[in-house]
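Let me begin by presenting the structure, written as structure tokens, before commenting on it.
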Amino acid sequence: MAGSLFPYLLLSLILISLGLIGILVRRNLIIMLICIELVLNGVSINLLALNKFSVNGSAMGQILAIFIVALAAAETTIALGLIFLIFRHYKEIDAEKLTELKG
Amino acid sequence: MIIYILPEILTFLMAVFFLLSAFKKISMETLHKTGMFFSIINILIILFTINLNGLFFYGTYKIDFFSQSIKFILAVGLFFIIFMADKRIENTIKKNYGEFLFFLFSSNLGMMMLSSALEFITLFLSLELSSYTMFVLVGFLKNKKISAEAGIKYLFIGAVASALTLYGYSIIFSYFGDTSLQAMRIGSMFMMKDVILYIGFIFFLTAFFFKLAILPFSFWAPDVYQGASTNVTAYIATVSKVAGVAVLLRIFVYFFPIFADQEKILILISILTMTFGNLVAVQQKELKRLLAYSSIAQAGYMLVGLVMFNKSGMSSTLFYVTAYLVMNFTVFLVIDQVEKEKGSTELTALKGLSQRAPLLSLSLLLALLSLGGVPPFVGFTGKWFIFSSAINKGYLTLVLIAFLNSVISVYYYLLVARQAYLFMPDEKEKMKVTVPVRVYSYFSIVFIIVMGFYPAPLLNWAEKAIRYLVG
Amino acid sequence: MNFPILSSILIVPTLGVLLILFCKPEQKTAIRVISVISTGITLLLAIFLMIAYDRQAGGYQFMEFIPWIPQWGINYILAVDGLSIPLVFLNAIAIFTGVLASWYIEDRTKEFYALLIFLATGVFGVFMTQDLFFFAIFYEVAVLPMYLLIAIWGSGKNREYAAFKLTLMLFFGSAFVMGGILYLYKAAGLNTFNLMELKRLAQYPKEVQKILFLLFFIGFGSIVPSFPMHTWSPEGHACAPTAVSMLHAGVLMKLGGYGLLRIAIPLLPSGLHDWALLMMALSMCNIVYGAFTAIAQDDMKFMVGFSSVSHMGMVLFGISTMTLTGINGAAFQMFAHGLVTALYFSSIGVMYNKTHTRMISELGGIANVMPRAAFFFAIAGMAGLGLPGFAPFVAELMVFIAGVSKYPIYGIIAVISVVVTAFYIIRCIQRTYFGETNPRWKDMKDATNFEVVPLIILVIALFVFGMYPRLVLDLMQMETKNIIAKLALM
Amino acid sequence: MSENIKLATWIVLCPFISLLLIGAITRSYKKLSALVAILAISISTILATILYFKNLYGLTPQVHYFEWLITDYFSLKFGILVDSLSIGMIMVVCIVSLLVHIYSWGYMEGEAGLSRYYAWLSLFSWAMLVFVVSPTLLQAFFGWELVGAASFLLIGFWYYKPEAAQAARKAFVMTRFGDFGFFVGLLILLVVVGNVDFHVLNKLGTNMGVSPKLITMTALFIFMGIMGKSAQFPLHAWLPDAMEGPTPVSALIHAATMVAAGIYLIARAFGFFSASPFAMEFIAAVGILTSFVAATIALVQNDVKKIMAYSTISQLGLMVAALGAGGYKAGVFHLFSHAFFKALLFLCAGSLIHHFHTNDMWEMAEKGGVRKMKITITTLIIGSLALAGCPPFAGFFSKDAILVAFEMNGKHTFMYITLLISFLTTYYSFRMIFVLLSPEKEHSHSHGHEGDHHGHGHDSPANMTIPLIILAVFSVLFGFVDTPLMNGYFDKFLLNKHEVEHLHWSVMIKSFVVFLAGISFAYVQFAGKTGYREGFAEKIGWLKALLVNKYYVDDFYFILVRGLVYPFASILNWIDRKVINDTGVNGSGNIVIFSGRFISSLMNGLLQRYLGTSLVILFILVFLWQLI
């Protein structure tokens, strides 16, 4: 076997946790968008690794990974559209400033 | 074969038509009329295909009485929304009404496919389709600051939720190999269930909790309900809830063997959701925000029904969610009429409504009391079935907590109703109410009272749908 | 009996409500006429029921059975027996006199009468239904309109607070009742809400009975106002309009007692045994505490509210003795107290319409100006303090006999309330009606003939059932006998 | 149903019918309702006399029941009991009530609520008759309470007068306090014995099932009720204030019938009471104490009706003491005779008040002209002589019977105290007579109050004086009933004991000597002088203060109510308002509101805070999983 499953799982866990922390810490919306991409990629790696090692005979994992890429793209376009709108209203894209709706 | 998936195809074509209409100068009224016409055709087609049965696309797409009836409800919900978005709507929507309808129809298409999807990839794709279109709908009011803010919040929380779902699914996938839910059910019969699988399952559920606004991922609801335009909020609050419940019904049927005796965690989540929704709703001064928290609380009650993993629990949840659609839509309709009249959705905007629009305020009162679970109305009967299925599994404390929660909910629903009945209106003259709204109010009053007192028709329909689902 | 008399008792008022809703708000007289006719017909039906019920056979009669939702075991069952006929009759009188007494309502009469009759329909439903699902529905239908009735047409500055407190506390109680009913349904395992089947077949283990009875006691106790949950009752009565407080204290409080006697005790006898002491202690508080607090009240309706708390405490006290006399006394006290409180509130209402104040300190010498209103309040007072010749004396006698035989010391302490009740009622009569007339009320005119009609009906009823209680007691006896039989089995 | 029972039922029903008639039909016609009431009571009196003459020499008790209330192990019955005691009492009640009805025709004419007055009188007579004929203690309690209610309504007849309202309230509450004891005694008997018929009760001492201690307790409880109704020592304070009511009412209720109900009850349940020696001792002691206290207070009273009230309490005390000492015949005989001459005295006082429009005897004396009211003053003197116990009059024989009873039952101390009391009685009654008869002043300094000595010459109208004459005749002749002259008719009638009692000369002489002492002492101090004179009691400073303040009993009750009942009620009210309502109910409401407010402050709109909390909750749930 070309290697064991564990390093892949570890890598994807690291990627996901980095992404999540990035979303919570960084205030810039676009950076947050990048972090979401990071999380999605982590999940794809995890999916591919599991499909290779613990599931034999079906490539559904890899098909799903491809779909994830497509979905991420769609999501990013909508997100950028909205961020563009916020920039027009708030003149800055800082997540801390978006507190008009609260309570 | 075409007949079976005719509703989906038609909805897709309608969506494309509205997309193209954006380029031509078509007036808002004609678009509104065509939209209404198309949704009526949609309803008729679904009615036509209601009793069909079949499995398509290599077993990933199931058409049965359950999925067709869910599609019927979604189509009726869409019709209500379009009929509400009449000419007095905000002018940003009025100017690009075509795109508005395009997103509405595509989101409806996503939800329709969601109710029939039997395989994870189709399921996830239709879920994302409906979510993404709703992100756009929320941010549709370009000129309003809060709409953009609501949109971005809705998107980010949605994105995180779907990412976690994918991660959860990857764990589940490693156990079964095949993405179709049927394989999972058979596979899980004889395999040893360990902790990792359950953790994977909880992560898997996050996107659906996000859809239904159940506690871990429900914080978006107040801001989005308040930020979006009232029509879009109505759409999110009613139709997407029905779709969410449908997909969870589908999932829990197939995941039942894995999850047979592990429902304690889900019960805890439902109690937390109920209590969170009711407690915070008491504070709210703004109508739409109050309704957001109330919809979180209602989602808690629905989760109780879902989590019971037995036929009666599921049929009562389906009954409750249908009734919830009608009740919630009535309240949103009244808020929409008042907002168009007064321009504000503050609690005080309803002041003296009973003098100015007696019919509207009566339907508002009945809908609110029914949401609060007050007996002669359908809300109570729905709760009664859910909790009697819950108590059949011996959860007495859960039922007591739920009933006490509904007592708190009666308090803030009465806070809204008292504005209409106890105070004198500022202006004296009567509020003009268009005929369709008047017809709908009569329909909702009759529905709420009759279905509350004699629920057999709705209940039999729900049970038949669940029989097909489990069947 | 092919003519569905019981459903007609439910349908006639509902038709009345619908008719009222369809006429325009300005046609005030039409609205009033419709409500009087509909409640009048119901009263005739109730009287017919009282006569037509053949007393030898006993048990459930006039049964109507329609399967409603078979898969959940819910069916529309209406049947009456010895215990429910008097209470249906009481409710019919209360709503009829209530409608007559609220002739003065001018603002939004349409909604007022619709809600009032809707409330009475709920109470009718509770007393007649034998299905737990419909019991739950009618139980809260009876509570639901209270909020609007008090908040909109009530009097006094904090009537909103009183309306909210009343509605929420009653809903809080009903939450426990609902939980209890559902658990009854599950623990019986017969998959039916039909009360008659449950009574015949259901066997509940001891500890289940213990928990369930506690649930029902908290639920029904909050509407009977048993001690800790009673604060809504005086405030609710004080702020409610006359007809509403007549109906409320007259009939609504009996739902709790009736619920205990109909559902909790027959199905959970050992539960009653476990909790009898607690019930007795709380009812003791009710009786003595309610009576003493009534002394310190300056508002007449508050005083009557606390006296209702004290008298309803006797119902619980009667039940807690678990003897035939005690339960009979409790059932009759529910009936008698209903009449007395209706008379109290209507007579205060007659005076209140003219003086617009209920504070004893502000009123004085009203009898010189309004001798008729004074006379009727005096009669209500005399009946209230348990003067023989009126119905409450009989009930108190039976409850105290059972009390003294079961708990001698507590029984005697409970009897003290008789003196205290006399003290505050006579004090109220003396300070409001006797003595020189307060200059403010010099030009009051006396109660018109029309206002006096409901009062006369109530006085006659009080007197007839006081002098010859067996008219109602024999009816109740049949039902309480088989309750006792069930209790004896324990 | 035997003949007697039929008669008795009609006697009882007549006043009730008149009450219904007045209440329903003749309410607005004053004259008509008065006629209806007088007609009804006269029919009852005629039937009563027929009943009396039918069984002139007493009869065995005849009872007829009907089931009023059935409970599980016993049934409560109502009915009619006719025996010599009840016939005697019916006769007394009917006669006095009839005379008072006629008397009030004159006294109350021109009064606003005359029909209401006659309605309440009929209610009272009906209730009293129900009480008299009751075969069971429960029906007795039934009549007992109704009588109390009727007296409340009649005392408070002039309700626009605040003192009348206050007096009515005091009367009702105090008697009600007594009734609490009666009710508790009744309940214990019902529970222990199950059947409360008098013939069962009277034989209670014999049957072993019931412990003597229990009999004593119930007897004392019931006696508490009697203390309330018949104004015995601690609970007597209401009777003097009850004089606020119209005088005919005082004559009927607070002299002859209602206050005598207690004594009648002891007589009726004499077997039951005598079953416990301790109870009898207690009753006798309370009786004699009341009698002494009331007699002393009467010495310093100036209001004519107050003197009569205190003398009634004193005579009642004597009757209670006689019964307590075991003198069944003596108590009942004094009860009947006292009813006649006390009613007479009250009615005379009434006609005086009606004439002079003032209650105070000194003012009457100043106005003069009392001598002119021939009939009133002569009947007044006859009544006082009877009260004081002058030989030929009724009072003498009945008091003598009591003295004999004390002596026979070995209560010598009681006998001497009674002699002292009869001395005081003679003294205060003749104090009043002599003050009234004092020679008119020479009008020199009649302080110029309104000079309307309007016709101070003539007497009260006919319909007031005729009852006086009838009652005077009774007060004179009734005494002989018990003497050998009519060969011991009263013993034969009451106890159907056939041998004739010989007169106890020693006792008679003693009481006559005491009478003479009393009348002469009063003559010395009061006759022949004008202006305000002071009796021996008023001269002693501390005694006068003590007696005027009525032994501070009223103040005691005032402090009890003000200092104890009201504060206790307000404390409870405070608890109810603050503790249960504000902290308990509102408290739980506030918990919901504040927790909601706290959470909503958490939701401050920050996107990253939302995501953070969501993820944290999710991870907690996942780890918590294993613990649930």
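The letters A, B, C and D name the chains in turn, as written, and every chain counts its residues from 1.
Please note the rule applied: a residue touches a chain if its C-beta (ideal position, glycine included) is under 8 Å from a C-beta of that chain, and two chains touch if they have at least 3 such contacts.
Everything quoted here is computed from the prediction, not taken from an experiment.
K.L.:
Does A-D or B-C have the larger number of C-beta pairs in contact?
P.N.:
B-C is joined by more C-beta pairs in contact.
K.L.:
Please indicate which chain is farthest from chain B, where distance is taken between mean Cα coordinates of the chains.
P.N.:
With centres defined by C-alpha atoms, farthest from chain B sits D.
K.L.:
Suppose each chain is reduced to the average of its Cα coordinates; what separation in Å results between chain A and chain D?
P.N.:
97
K.L.:
Hey, how far is the Cα centre of chain A from the one of chain C, in Å?
P.N.:
Each chain's C-alpha centroid was found; their separation is 64 Å.
K.L.:
Based only on mean CA positions, could you tell me how far chain B sits from chain C in angstrom?
P.N.:
Distance between chain centres: 42 Å.
K.L.:
Using mean CA coordinates as chain centres, what's the gap between chain C and chain D in Å?
P.N.:
37
K.L.:
Could you tell me which residues belong to chain D and also touch two or more other chains?
P.N.:
As it turns out, chain D has residues touching two or more other chains at 600, 603, 605, 607, 611, 615.
K.L.:
Which residue numbers or ranges of chain C touch two or more of the other chains?
P.N.:
Expected reply: 168.
K.L.:
Quick check on chain B: which residues sit in contact with 2+ other chains?
P.N.:
152-153, 156, 160, 222-223, 283-284
K.L.:
Can you list every touching chain pair?
P.N.:
According to the stated criterion, the contacting chain pairs are A-B, A-D, B-C, B-D, C-D.
K.L.:
Under the stated contact criterion, what part of chain A meets chain D in this complex?
P.N.:
Its residues touching chain D are 20, 23-25, 27, 95-96, 98-103.
K.L.:
Which stretch or stretches of chain D touch chain A in the complex?
P.N.:
Chain D residues touching chain A: 600-601, 603-608, 611-612, 615.
K.L.:
Could you list, by residue number, the parts of chain D that touch chain B in their complex?
P.N.:
Spelled out, the residues of chain D in touch with chain B are 592-593, 595-597, 599-600, 603, 605, 607, 610-611, 613-615, 617-618, 621-622, 624-626, 628.
K.L.:
Contact residues on chain C for chain D in the complex?
P.N.:
Checking each residue of chain C against chain D gives 165, 168-169, 228, 230-232, 289, 292-297, 323-325, 328, 365, 367-368, 371, 378, 382, 385, 387-389, 393-394, 397-398, 400-401, 404-405, 408, 411-412, 415-416, 418-419, 422-423, 426-427, 429-430, 433-437, 468-470, 473-474, 477, 484.
K.L.:
Note which residues of chain A are touching chain B in the complex, please.
P.N.:
Counting only chain A, the residues touching chain B are 16, 19-20, 23, 29, 32, 36, 39-40, 42-43, 46-47, 50-51, 54-58, 60-61, 63-64, 67-68, 71, 74-75, 78-79, 81-83, 85-86, 88-90, 98, 100-103.
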